[in-house]
Structures are given as structure tokens and as C-alpha cells.
Amino acid sequence: MIEFSAQQIADFLKGSIIGDPEVKVNNLSKIENGKPGTLTFLSNPKYTPYIYETNASIVLVNNTFEPERDVKATLIKVEDSYKALSLLLNLVAANMPKPAAGISPLAFVSETAKIGKDVYIGEFAYIGNNVEIADGARIYPQVFLGHNTKIGANTTLYAGVKIYDSCVVGANCILHSGCVLGADGFGFVPEKDGSWSKLPQIGNVYVEDNVEIGANTTIDRSTMGSTHIHKDVKLDNLVHIAHNVEVGDNTAMAAQCGIAGSTKIGKNCILAGQVGIVGHISIADRTVFGAQSGCSRSVKNEGEMLMGYPVRPLMKYKRMTAIEHKLPEIYEEFNALKKEVEELKRN
Amino acid sequence: MIEFSAQQIADFLKGSIIGDPEVKVNNLSKIENGKPGTLTFLSNPKYTPYIYETNASIVLVNNTFEPERDVKATLIKVEDSYKALSLLLNLVAANMPKPAAGISPLAFVSETAKIGKDVYIGEFAYIGNNVEIADGARIYPQVFLGHNTKIGANTTLYAGVKIYDSCVVGANCILHSGCVLGADGFGFVPEKDGSWSKLPQIGNVYVEDNVEIGANTTIDRSTMGSTHIHKDVKLDNLVHIAHNVEVGDNTAMAAQCGIAGSTKIGKNCILAGQVGIVGHISIADRTVFGAQSGCSRSVKNEGEMLMGYPVRPLMKYKRMTAIEHKLPEIYEEFNALKKEVEELKRN
Amino acid sequence: MIEFSAQQIADFLKGSIIGDPEVKVNNLSKIENGKPGTLTFLSNPKYTPYIYETNASIVLVNNTFEPERDVKATLIKVEDSYKALSLLLNLVAANMPKPAAGISPLAFVSETAKIGKDVYIGEFAYIGNNVEIADGARIYPQVFLGHNTKIGANTTLYAGVKIYDSCVVGANCILHSGCVLGADGFGFVPEKDGSWSKLPQIGNVYVEDNVEIGANTTIDRSTMGSTHIHKDVKLDNLVHIAHNVEVGDNTAMAAQCGIAGSTKIGKNCILAGQVGIVGHISIADRTVFGAQSGCSRSVKNEGEMLMGYPVRPLMKYKRMTAIEHKLPEIYEEFNALKKEVEELKRN
């Protein structure tokens, strides 16, 4: 990162400066361990105490931020400091070295695969028969693309991604290392002797554009038709999406969530970490689930916030938790009350 | 899939037809978005409403199904529609193109490995010293087989499966991409300074016949002896099986379950998703765990259904949950009652 | 393993013999299925009943162990039988065949990579530009090391480990198959239309010395700076560490734990399996979390034991759970009490 002055950054972000406009930075840092010559930001109020102590030279803050005492750093006030940071990070990222281009002679590419322009295919990648890879896609080393898979334009598959036969990934997607698309759904028919016979899974996984899928996340192929991830969905690491599931536009799931088979998740939902949702239900748009929630029923009203095991409306969950917290005391009071009633009855 | 008439399918499944025996289908579909020219099925009663709306041409239903109003589709009645579907899916799957055969010149195969007949070994697979691969096994690209591993006949290891030294996998198994067998068990001896010294794990993983293991599932090697997965066990994705665990015949675990070290799971158990079971306990045959259950004690009676954190018998869990749900109201009533008793005492 | 007598083993461990000092063993076994000619151990009291039945020839026991009835096996008494076992296992492990040395001609190693002495690089491994691998490191087949990564001396990366650009791993670490270091942190800025714009993650992952990381565990790169794993940390399989997290010395996490972004975990903490900890909080040193705990607040006092969802002090959790267990009965009593009070009021 080349050196920039507070003035240059404020101009770029259309922000205003409080402090020295000439101070220069050449790197970014976290507010809690910022060093001189770096720029940091304050967005989450939890970190406000650090602004008075940070050694960073520049701090991006929201317009609404008013310091309660002296701040060493130069402040740049912007409408939304998190978005401003995003702009700067994008600037930095755009100047990072590009990955190698071209098709490695150490990759295996089937003669029947169709490879677009400006595609990168790294060492030891396997590209099966009739695979289609659109322009600008980047296939890192050790990726596996089964027969008849399709990868959209400018999509990145990081090292070791595995995609089974006939699955489809849209444009501008990012799939992180170790994620697996298209393994067989978990479908078995119970036999009378207690064993299981396998239900063949002949569907696929269909991922639309602008989807990001985390490291070691798994999305199973459908029994029939498609397990369907709509556009702009963001899945964190180690998430499990079972067969026949549908996930609506813009829905985001934090790490280690699990969605059981045939469930339909609406648009713009947010699932915090380790949430579990049972199979064969339907979740309304804009539903928000707190961490570790367990949902075993359909959610019909849009925009509900739910939490708990089993899930309840967030406010109810909080009230219940507060009472549960007091249960030992309440139980003592209850036993005392029983004695009092006994006594009253005796008199 | 070639075109078949309702009559041909009913004959094959030994079912009876309600509707047009001449209607033809050439593909399968889900009941909720079935298209003309496709066959679908109704098994789970949750999907019954869709049968009156589906555009699929044929629906497999159970003999017990009686429509409550008009159904456009031709029905084929069979004893068990899910099993009938399984028969059809197997027929379709059997006619799908077979994976490549033979040993890729781009695989690495140790000179001391013993490879059976009709074995497939894909590109960039690594086959270590003294490995034994039995007839008909299919080793996809980028699989790693450590020294002295043994793979049974007709077993499939999908792309990127990793098996450490000396582990054994039986016949007719299916291991999905990214699953790891034989990583070191999590065993450390605490030292006085708070650090840990590693307890070497010199055992292995032993998987019997007809086992299916999901994508990115991990099964650790034993400290001594074997971590032992018995025949016909089915593990979904992202499951963790710790060292020294034993899992009995036919037991099925849904995604993201975790079994801690040295625990013994009985036969024919069913674990729903995200269940956790602590170490050094024993679970009786045919135990069923609800989703996200946390089990920290041995289960001695066979066939129990358990749920909750910590687990309780399912009926008890349901009653408890119902009361917990009312806790805010109950607590108000309790406080009112306290006041009433106060008043009674005053009089 | 060559044959040793009880006398030889007792001498090596500085233990005392009860029984036949001449009995010989040539292998190790579990106490519950020990065979003649093998050595086993008793440490966890749960396994005490097996000592009277085991067919193992020698059992390591603690000095404090006093048999309540006849034991067939020869006992070797030591101060700490688990540590003594560890010594023996290390002896066995040290005599196991060493992995192949040297750099496979089937690996891809960038011309700009710096490779130390006695380094092993297996088949189909990818070593990017400017990577530094220190002396004695062992890089198994199919590992991916992005540009500018650094691997410390004597560190082992098992088959298929993926490390993104610019991440750093210390000396004497063990990373198990399928773990992913340095995938993008899960950071997105919400847009007004409900979609997400990606916050570039330009930091890295920094792992200190003596760290062990389990199979398929994921540690995300930081937005800025480092996601930081301190020395002697032990992470089990399928753990998720989000961006900007810091994990203190010696902390151990069992399988499937998840730590959300920017949280700081202290030193010498222990997390049992499937624990979830929210983002932007701080956990004091020596905190212990029970299995499946969900922690959504900072922990300030060192050495606390916590459990539950949400977490409470362990003793409180146990009392609450005991009362919750009785809730159906308590609720009946409560309703009876209400009636009694009604009656008292009527009179």
C-alpha cells in the first residue's frame, strides 16, 4: 500500500477531517492494536473505548460520533465508517497481485471440456467431460469438476473445491477451499431387517450468481431436480445444506448451520452460527435466527426474530431465559409458599 | 430416461392405475413443481396438498391414499410409494454413464500396492506403499490412501477422500468427497505448566461393509486398537467420530453429529442432525435422538426416544418444553398467588 | 513391537510390579478387550470393573489403585498411569516407519519458494511463489500452500491441507487433512436492496509453535492484521475460527466448536465439543465450557466453569437442570396450590 494523507483519503471518501490533514498512512490496522502510520475504523460501539488509546494515525468514524475526551488520531468523519472501510479495502484488494493466469500443463482437462477466455486452471485440477467454464473463471489447484458441471463467468473456485457431476455454479461466485457440492443426499429406505437401502440421488446442485460458499461447507445433490441456492446467498464455513433444500436470495448463514432435507428458506434471512433447521418445513422471508437456535416448525410471518431450542420469538426467549435463570430461587419460594398454605389450612 | 407409459411403470412396480394408463413420462420431478411428462411421488403426508395441484403426469401413491377431490395426474397405487420410487431411481441410476475405468497415468501408485481387477484410479490420486485395493473399487481423482490401507471390493472413494496409514474400509462402501479417516485422535496429557503433551495415536480406523460416509465427515484413528464402524452404518456430512468410538450395525447419523472419544453406540440407532454425545458412555440399541440433543449419560434401555439438552425421554421433553413456553405467564400467576397468600395471612 | 517383560517395562517406567515379572507382551490393547500378550492401562475410574476381567497380560495402574478382588493380569504401579502409557506410546511411535523424505518430482514447487533441509514434499502438492518451508517440515501429498506462506521447522501438514496466501504456521505444528487456513472471513456490508457487498479480507492467519489443528477445521483470514492462534493451542476436528479471533496459549477446543468474529479467547481455556461463542467478546484465562454451551457475553473472572444455552456457572446450570427436570410435577403442584388458595379465600 502506497502512502496516503488524511486529506487524500477524506477526498476519496467524501468525508471531513478532524485533526491533522497532512498525517500519512501506508497500512490498515485493528483499532485495539493500531500502530502509527496506519488507518483504522470505529463502527461497532463496543470498540469505542479503544479510540482514546489507539496509536493508529487515522480513524474512520461515523458522522454521528462525538469524542468524549481527547483523541490522538486524526478522525475522518463519513456517513458510514464500515462502508468507507469497505471502499478502502476494495482499493487495496484491487492492487494486490493477480493469481496466475492460463491453464497449467499439470492440470487434467478433458478434451470435451469447453473453456472460456482468460480462464485460470491451476496445477492438479481435474476438469471432467463436457464441463463448461465461462470467461474469466479462476480454478485453483486441486479442484475437482465432475462431468457436465458448469461454472459461470468470473467465478473463483479456491484450492481443493470438489463439485460432483452435473452441478451448476453461476457467475461471480466465490467457493472456498474444501467445500463440496453435489455429494449424494442422505436418503435411505429402511428395510425390515433394520438395514438401509440407498435411494439414488439423481438430481444436482444449482447455484445462482454472486453466491459465496465457505470453506468445507457441503451442499448435497437433490434426489430429483435441484438443491437450489438463489443469487447473492452467503454461506459461511462448515455449513450443511441437505438435498432438495432451497435457499432464497440474499440469505446469509453463519458457520456450522445445518438445513435438513427439502426445507425451503426464504429471501433475506439471517442465520447466526450453529443454527439447525429440520427438514420439510418452510421459513418466511427476512426471518432472523439467533445462534444455536433449533427450528422444528415452519415460520409463516415475515421478518420474525427467533431464538432458542426450540425457537421462540426473541423477546419471549429473553423473558423465558431470565425466569429460568431465577428458577432455583423461585423453586425455594414456591416450597416456602406451599408451607405457608399448609399452615393457613391448619389454622 | 426413455419414455414409459403409466401401464409399463405400474406393471414394473406391480401397482394399480387410477387414470389414464397411456400417459407417458420421460423424467422424474418433485411433486411441488412437477411438469407434464414427468413422474413424481407422494409419501410424506405434508406434501398431500400438492397432489391436487401438481402438473406431473403420474404420481406414485400408497395403496391407502384416497384423494379428497379431483387429481389431474394419473395415480399408480403401490404398497409403499417411497420404496417404489427407490426402485425407479435405481433403474435410472443403473442406466447412467459409468465412471472412467482403468488407472490414470496421472495417478501415483506405489510399486508395492496391490490393485485388484476392474479398479478405477483417477488423476492425481496417491496410493501409498502396500495399499490393497480390491476388485471393482473406484478411486476418484485427488484421493489419498496412506501406506498399508485396505479398500474393499466395489467401494467408491469420491474425489479428495483422505485415508491415513493402516486404516481399513470394507466392501461396497461409499465415501464422499473430503471425508477424512484416520487423523490422530484428540489425546493430550496435561503438563504442570499448563501445556499439553501429545498422546501418540497408534491405532487405526476400521470400517466394515456397506457403510456410507458423508462429505467432509471425520473419523479419527484410535489411541490403540480401532475406531470401529460396523456394517451398514450411514453417516451424513460433517459428522465427527472421535478416537476409540464404536458404532453398531445400521446406525444412522444425520449431518453435524459429534461422538466424543471411547463412546459405544449400539445397533440401529438414529441420530438426527447436530446431536452431541459425550465420551466414555454407552448407548443401547435402537436409541433415537432428536435434533441437537446433548447426551451426557449412558442409555441402558433399548429403543428409547430422547431429546433435549440435556436429553430426556421424548414425551417428557415435550411436556417440559410446553411448560417452559408458559413460564412467563406461570411466573406472573405465581407472584399473584404469593400476594394472595400474604393477604390471607394478614386476615 | 518387540517383546518386553513386565520387569523391563517397570524398570523403564520406574514402577513397581504386582504379579509375575517375567510375563511378556508384544502389543498394546484396550482394557475392555485386552488379549493375552498385550499391555493395557487403567486411568479413568469408569473402566475399573474391566481390570478384573481383562485378558491383557499387564495393566498399568496408578499407585493409589488397590484391587478389591483377584486380578489375573500383572500390575505395574506408577505415579500416573496415563502419562506412563504416553511414554510407551511415544516409544512405539518413535519406532514406526518414517514418512518418505525428499521432494517428489510430481509436486509443483515454485522456483521462488525457499525450501529448507530434510523437507518432505509429497506428490501433487502445490507450493506457491515465495513460500518458505523451514528444515524438517513434512508436506504430504495434495497440500496447497498459497503464495508467500511460511511453514516452520518440523511442522507436519497432512494430505490435502489448504493454506491461502500469506498465512504463517510456526514450528512443530501438526495440521490434519482437510483443514483450511486463510479463507476469507465472513464479512459483508448490507446494501439497501437487501443484497450484500463483500468486505475484502486482506489480513492473514498467524499460527504460533506447537499448535495442532484437526481434520477439516477452518480458520479464516483476518479483515486486517491476523487471526491469531497462540502457541500450544490444540484444536480438534471441524472447529470453526472466524476472522480476527485470537486464541491464547494452551487453549484446547474439542470437535465442532465455533468461535465468531473478533472474539478473544484467553489462555488455558478448555472448550468441550460443539460449544459456540459469539463475536466481539472476550473470555478470561482458564475458562472451561461444557459441551454444546452457547456463550453470548464476555467472561471476566478467570477459571470459571460454565455450561448451558445460554451459559451459566456449572453449579447453577446443574441446579437449574434438576428443577427443569421436575417442571411437570412442579406445575401440577402449583395448580393444586392455586386451588387450595382459592378454597382458603372462599372460607
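Should a chain be cited, it is by its letter among A, B and C, assigned in written order, with residues numbered from 1 in that chain.
What we mean here is this: contacts are C-beta pairs under 8 Å (C-beta built on N, C-alpha and C of every residue); 3 or more make two chains touch, one makes a residue touch a chain.
Just so we're clear, the structure is a prediction, and the values are computed from it rather than from any experiment.
> So if I superpose chain A on chain C by CA, what angle comes out, to the nearest 5°?
120
> Given that chain B and chain C are copies and touch, would you call their interface same or different according to whether over half of its residue numbers are shared?
Comparing the two copies, chain B and chain C contact each other through largely different residue numbers, since under half are shared.
> Need the CA-centroid distance for the pair chain B / chain C, whole Å please.
25
> Which chain A residues touch at least two other chains?
124, 142, 160, 178, 216, 238, 256, 274, 292, 309, 324, 334, 337, 341, 344
> Residues of chain C touching chain A in their complex?
Per the stated touch rule, the residues are 108, 124, 126, 142, 144, 146-147, 160, 162, 164, 178, 180, 183-184, 186, 188-189, 194-202, 216, 218, 220, 223-225, 238, 240, 242, 244, 256, 258, 260, 274, 276, 278, 280, 292, 294, 296, 309-310, 312, 316, 319-320, 323-324, 330, 333-334, 337, 340-341, 344.
> Considering the complex alone, what residue numbers of chain C touch chain B?
28-30, 33, 40, 44, 46, 82-83, 85-86, 89-90, 92-93, 96-97, 104, 106, 122-124, 140-142, 158-160, 174, 176-178, 210, 212, 214-216, 232, 234, 236-238, 249-250, 252, 254-256, 267-268, 272-274, 291-292, 309, 321, 324-325, 327-328, 331, 334, 337-338, 341, 344-345
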